[in-house]
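We call the chains A, B, C and D, going by the order they appear; numbering starts again at 1 in every chain.
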Amino acid sequence: MSDNSFKRPLRWGLVGGGQGAFIGAVHRIAARLDGQYVMVAGALSSDPQRARASGAELGLAPDRCYADYREMARAEAARPDGIEVVSIATPNHLHHPVACAFIDAGIHVLCDKPLTTTLADALDLRERVKTRGVRFGLTHNYSAYPLVRAARAMVAAGELGEIRIVQVEYTQDWLATPLEATGHVIGHKQASWRTDPALNGPAGALGDIGTHAAQLAEFISGMAPAELSADVTTFVAGRRVDDHIQVQLRYASGARGLLWASQVACGEENHLRIRIYGTQAAIHWDQEQPNELTFHPAGQPARRLTRGMAGLPSVAAEATRIPTGHPEGYLEAFAQLYRDFAQDVRDAQAGLITPARVPGLDDGVRSMAFVEAVLRSGAANAAWTAL
Amino acid sequence: MSDNSFKRPLRWGLVGGGQGAFIGAVHRIAARLDGQYVMVAGALSSDPQRARASGAELGLAPDRCYADYREMARAEAARPDGIEVVSIATPNHLHHPVACAFIDAGIHVLCDKPLTTTLADALDLRERVKTRGVRFGLTHNYSAYPLVRAARAMVAAGELGEIRIVQVEYTQDWLATPLEATGHVIGHKQASWRTDPALNGPAGALGDIGTHAAQLAEFISGMAPAELSADVTTFVAGRRVDDHIQVQLRYASGARGLLWASQVACGEENHLRIRIYGTQAAIHWDQEQPNELTFHPAGQPARRLTRGMAGLPSVAAEATRIPTGHPEGYLEAFAQLYRDFAQDVRDAQAGLITPARVPGLDDGVRSMAFVEAVLRSGAANAAWTAL
Amino acid sequence: MSDNSFKRPLRWGLVGGGQGAFIGAVHRIAARLDGQYVMVAGALSSDPQRARASGAELGLAPDRCYADYREMARAEAARPDGIEVVSIATPNHLHHPVACAFIDAGIHVLCDKPLTTTLADALDLRERVKTRGVRFGLTHNYSAYPLVRAARAMVAAGELGEIRIVQVEYTQDWLATPLEATGHVIGHKQASWRTDPALNGPAGALGDIGTHAAQLAEFISGMAPAELSADVTTFVAGRRVDDHIQVQLRYASGARGLLWASQVACGEENHLRIRIYGTQAAIHWDQEQPNELTFHPAGQPARRLTRGMAGLPSVAAEATRIPTGHPEGYLEAFAQLYRDFAQDVRDAQAGLITPARVPGLDDGVRSMAFVEAVLRSGAANAAWTAL
Amino acid sequence: MSDNSFKRPLRWGLVGGGQGAFIGAVHRIAARLDGQYVMVAGALSSDPQRARASGAELGLAPDRCYADYREMARAEAARPDGIEVVSIATPNHLHHPVACAFIDAGIHVLCDKPLTTTLADALDLRERVKTRGVRFGLTHNYSAYPLVRAARAMVAAGELGEIRIVQVEYTQDWLATPLEATGHVIGHKQASWRTDPALNGPAGALGDIGTHAAQLAEFISGMAPAELSADVTTFVAGRRVDDHIQVQLRYASGARGLLWASQVACGEENHLRIRIYGTQAAIHWDQEQPNELTFHPAGQPARRLTRGMAGLPSVAAEATRIPTGHPEGYLEAFAQLYRDFAQDVRDAQAGLITPARVPGLDDGVRSMAFVEAVLRSGAANAAWTAL
């Protein structure tokens, strides 16, 4: 961080993520962690009373606790001290309309993934943002881990040689039982909307975690698959979306890959793992042990690279706060997205056109194309489907 | 081991596995380890001089060092002190003719996998053995690890609930470069025959290690896939067999699986790993750390089971020689096959008809069916293929 | 967190931890992470220009960037909007005078460990705080990790039986070479003051990390040693303080322990590890993998407990922000101290007398007694020394 | 193994290690594994009936099943086909008289550690062997692991720089309860003799596993401590020998060390671990994962060395049977001692005076000196005691 001059925190608002929402709390911690944002407004619930209560808990002024995101976009855009950035942490079906409201109001947007529930909506957002000139970031937070960025840089520098094999998997077990059937109970709210196609879109595990896996693989390898063959499964009886997917990948270079994602894998917590093998070396990374990356050069001992150590690519050092041996985790990586997006926004405010520091609409569009291709292939008995 | 009475070591011979052959040395150590065999004859090379030299190194009498396995079968069957058991450690294309020679001579056979190079040959052997009444074992040695047997018993006892997901992979890197092109040099002999369809059969990594992975998955899960979709790849230019396969599996129960095997995965040594997830729990096992098995019951802490610990299924204890914390490995598991097969042979000698203690012709036939299905699917752009 | 009502962030200042100081950045992130503090003042350097520059970088008003902590204590105490809490992140020799200044001004103090450079100063602080009635916390941050708190609760609940053995070690390698000799260079400033007895006190690795190890062992085991025998070593030629200590511990119960701490252990980053063995079970925890705790009940498989999982003691859940599988780390634990101390301060502001939620002066006094006992024992050729 | 000519197996006998003895079975497997020995005689029990029964189980001729080791030494020495090597696997108090009987009969001896129960006996054996000219090996089996030998070679080659710190520990839990009190039951026989000073000698955990730890540390580091300070503890009430020791070590070079050994450490199986830190690098090895050795060069990523990989010191390759990724374990290391000792014996038979390939009387003498120093220091409240 060469520039140490004080940066006024950006005025920030949040849509969704009210009381009891895991991801809302993550957004707020991530926004606070590096001191680059100050929360001043929110549409934390569509129920006015809950919206006010949730906002009050967070110290928001009553007149900036909105029950309607459209009203929030309008009102904030009109205030001289209105928000400069909004984050969207709603169920998926609202990403598109909420994003539209703020983009149209000229407010920069940081949106949860998956970007939308359809590819068409994703393409629409991309057009809209181009027209309106705001910055748009997508919370593919795993790509903000320092060692993931190191891995990407190492691949780009040719340290693996030519890539042959991409293996990525993302496993959880929280939907191993029909949790959504008890969804009225507080705490299973998330299971309910995530398995309801109307709120979540048609992709279950695929949309929730498969997209993370796909984005991570592409982020590190620098390659998107050319075609895929997907087996899309729902194990839990009565569930309305997939809870387990297995996908064969083929790349234009001839490389091969496997991606699987499951929310019914007993004993798995939040296990996103990637292994990439090239002609000269391989790298392995595991989100549950994010402070290490192993590098496996052909014919030599494997090496354990640790976050913060000397000799890593500079992109890793820049995303690191504290020395090696002092573990950083999920919140720091999420906060890194926020820190990077703040810089994107400041560039925009200064009239600078700079490359985005965080995943954005291109990633989101490719992600939705991946989702639709997997669903299409799955419906066609795993027929090869171009991306 | 309830019966402690002394068992005269079985008279044993070896075909293949002469000077410099890795697997020949493994067979000899495994045969010796538990004291159940004494080596008295061998056809260690088809070159008479090398056959004699290899035999002399092992202390064989000169007249029992054969250059021709047919001659060996004939001569040994004719001797009053002839071999009772032969092991076959030749390149794959010889498994069938060598096995025929010894089966027909009434000698029990322990044969390296893959059983044959074609399904037809495998079926032929099965018929022949039925007719002739000898015992026939196949060296699917990984299924002889104590904790693999424990895993199988746990699955059979319902400790995982209903199985949903089978993930098995077997990775190596020794063929990441075109080693066979330098095959005349001593030491690359193995690379040469293993990549030569005439000697090895049409399946490369598939036959060599994919069959191990498939057998292990079936052994533990107790289920064979109903259909598969395979992507069969050759990464190294000029190579005449596959060196990387990725296979989607579907089971009759609705369970799903992935099997991948690669001999070009940089940094991988002999990495056979399996994870099986059921409705109630999962198990993970890794051949490179064979003395532990992790058990992941839903909603409870993962448990580390170690070879030799109290409370494991009895099949594990029976395959264990020394206490927990004193690691056993590959050779002990291989020796376990030998120990178990000795008991099979003694049963046959006593006129007892007992269930085989080691994998045999049914496994071999299913394995060859798997190989042919993968090759067929691969040739048809990964079309679903019934097994 | 049962009480969700909004808590106005506490007005907070920092002494020490200016530009380039690792621990200053940690304090600021920790203070921000849970939104319980707002930084409004600082004495970030004794050099007026640097103090102002450092403050400006952080957005402090110029008149609240102090070069003299005494002036800061006086001025802030006099303001109606003065700081309510100060954190002390200076070299050790200043802990006592800085703390005195703020305590005497009636400002709550969160102070880096080791508390002071002498036991006498530590006792003085304890008296002073009693008299003045402020809250005083000490940054024994490792005791704020959720699984460390779980471990303590498990020991207290008798899950280990009677404790027999305490093994704790804290290893680093950053002082394996005479880094302080190049101390004028930016970045080695820390090596310089930490090896200068005038700034750091007489205890090197002992004071810096040995005290953490001792506190952690006591925190989890619930026992302080009765006597110790210490070998105190300086490996790097010319170094003026110890860089490696090894201590035998005896407890009144008859339990035994070993504590060692080293800053010259090549390849070690920030490796604080503890293992406690009782008559019924053992627990192991490793700061570099802080999201897991292993529990080893006698005669049963080891169990892997993970931060956030169901069934952990409630003290662990209360110190956890995000679900299991989403790793938290060093900053979250540090922030937990801040969050807990904020509650302590609010209790004090409400006139409530509540037990401290964070380590405090009793810990600090015991820590300094430990330091002095180790130094005494070391000087007496490791003679047994009572605590 | 450059010399491939056939080596006639040595005629071998065993004293001790009858029915139910763990270590007897280990000796027999180790002797068989590489085909260098054939068992022809034994004194497997002092009870004539049990001696015969145990021998019969192993296929020994009835007249070579002895109940008296003196008789065995006499009779075997007198036979033209008498044993050339004897192994001693009795309780410790018999090591000295049994060894004397065979040494005096001119038979080569491979003896379990600890060598004797007193230093005087150890010195006596050393003299006797010198006089009689037989080979004498000691089963410090852990030093026969290939990666332990690699570690020793790396230290000797200066890859660690100057050694500063030696950390070695050996933990088990099988004596965490008073198992010996139930010693009449079959299976607890070992607990009974190992805790009976008359049979075991005065050193409990110290003699059984502490000596292994000390030998391993010396074997790898190439240094013996100059003085030590030991805390010797007995945790289990009524136990007559120590079950937990903690020892501070000082080396002449100024290096420091800690050695601890415990047989009451709940959850530990056979956990022998060593870490050695030098000025330039460190190495870590763990007996329960013996196929890997980690190397930690200062300022560079840690490297994972695996048994069998290219680039290891040749002493490791020579002690390796199968390729990397195919785990070897405890039995292979034990067998390595047997293989090496066979070569020592053949050298002697050929009239060659060669350096011993396995630990021997010098190791045994130093080990007994270590035991006596620890016991002396322990009795003197951990006073520093020269070695």
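By our rule, a contact is a pair of C-beta atoms (placed from the backbone, for glycine too) under 8 Å apart; a residue touches a chain by one contact, two chains touch by 3 or more.
Everything quoted here is computed from the prediction, not taken from an experiment.
Novice: What is the set of chains touching both subunit A and subunit D?
Specialist: B, C
Novice: Would you mind telling me which chain pair, B-C or A-B, is linked by more contacting C-beta pairs?
Specialist: Most contacts of the two pairs: A-B.
Novice: Could you find the chain whose CA centre sits the greatest distance from that of subunit C?
Specialist: Checked the centroid distances; the maximum from subunit C is B.
Novice: What's the distance between the Cα centroids of subunit B and subunit D, rounded to whole Å?
Specialist: Going by mean C-alpha positions, subunit B sits 34 Å from subunit D.
Novice: With centres defined as the mean C-alpha position, give me the subunit A-subunit B separation in Å.
Specialist: Using C-alpha averages as centres, the distance is 44 Å.
Novice: Calculate how many whole Å lie between the centre of subunit B and the centre of subunit C, each centre taken as the average of the chain's C-alpha atoms.
Specialist: Here subunit B and subunit C have centroids separated by 56 Å.
Novice: Which residues belonging to subunit A are in contact with no fewer than two other chains?
Specialist: Residues 268, 302, 306, 309 of subunit A each touch two or more of the other chains.
Novice: If we count contacts the way the header does, which residues on subunit B are in touch with subunit D in the complex?
Specialist: Touching subunit D: residues 4-6, 8-9, 19, 22, 25-26, 28-29, 32-35, 56-59, 172, 268-271, 287-291, 306, 309, 321-332 of subunit B.
Novice: Quick check: in the complex, which residue numbers of subunit B touch subunit A?
Specialist: 160, 164-165, 167, 173, 176-177, 229, 231, 233, 235, 244, 246, 248, 250, 254, 256, 258, 260, 262, 264-268, 277-282, 296-298, 302, 381-382, 384
Novice: Which subunit A residues qualify as touching subunit D in the complex?
Specialist: Listed in rising order, the residues are 295, 299-306, 309-311.
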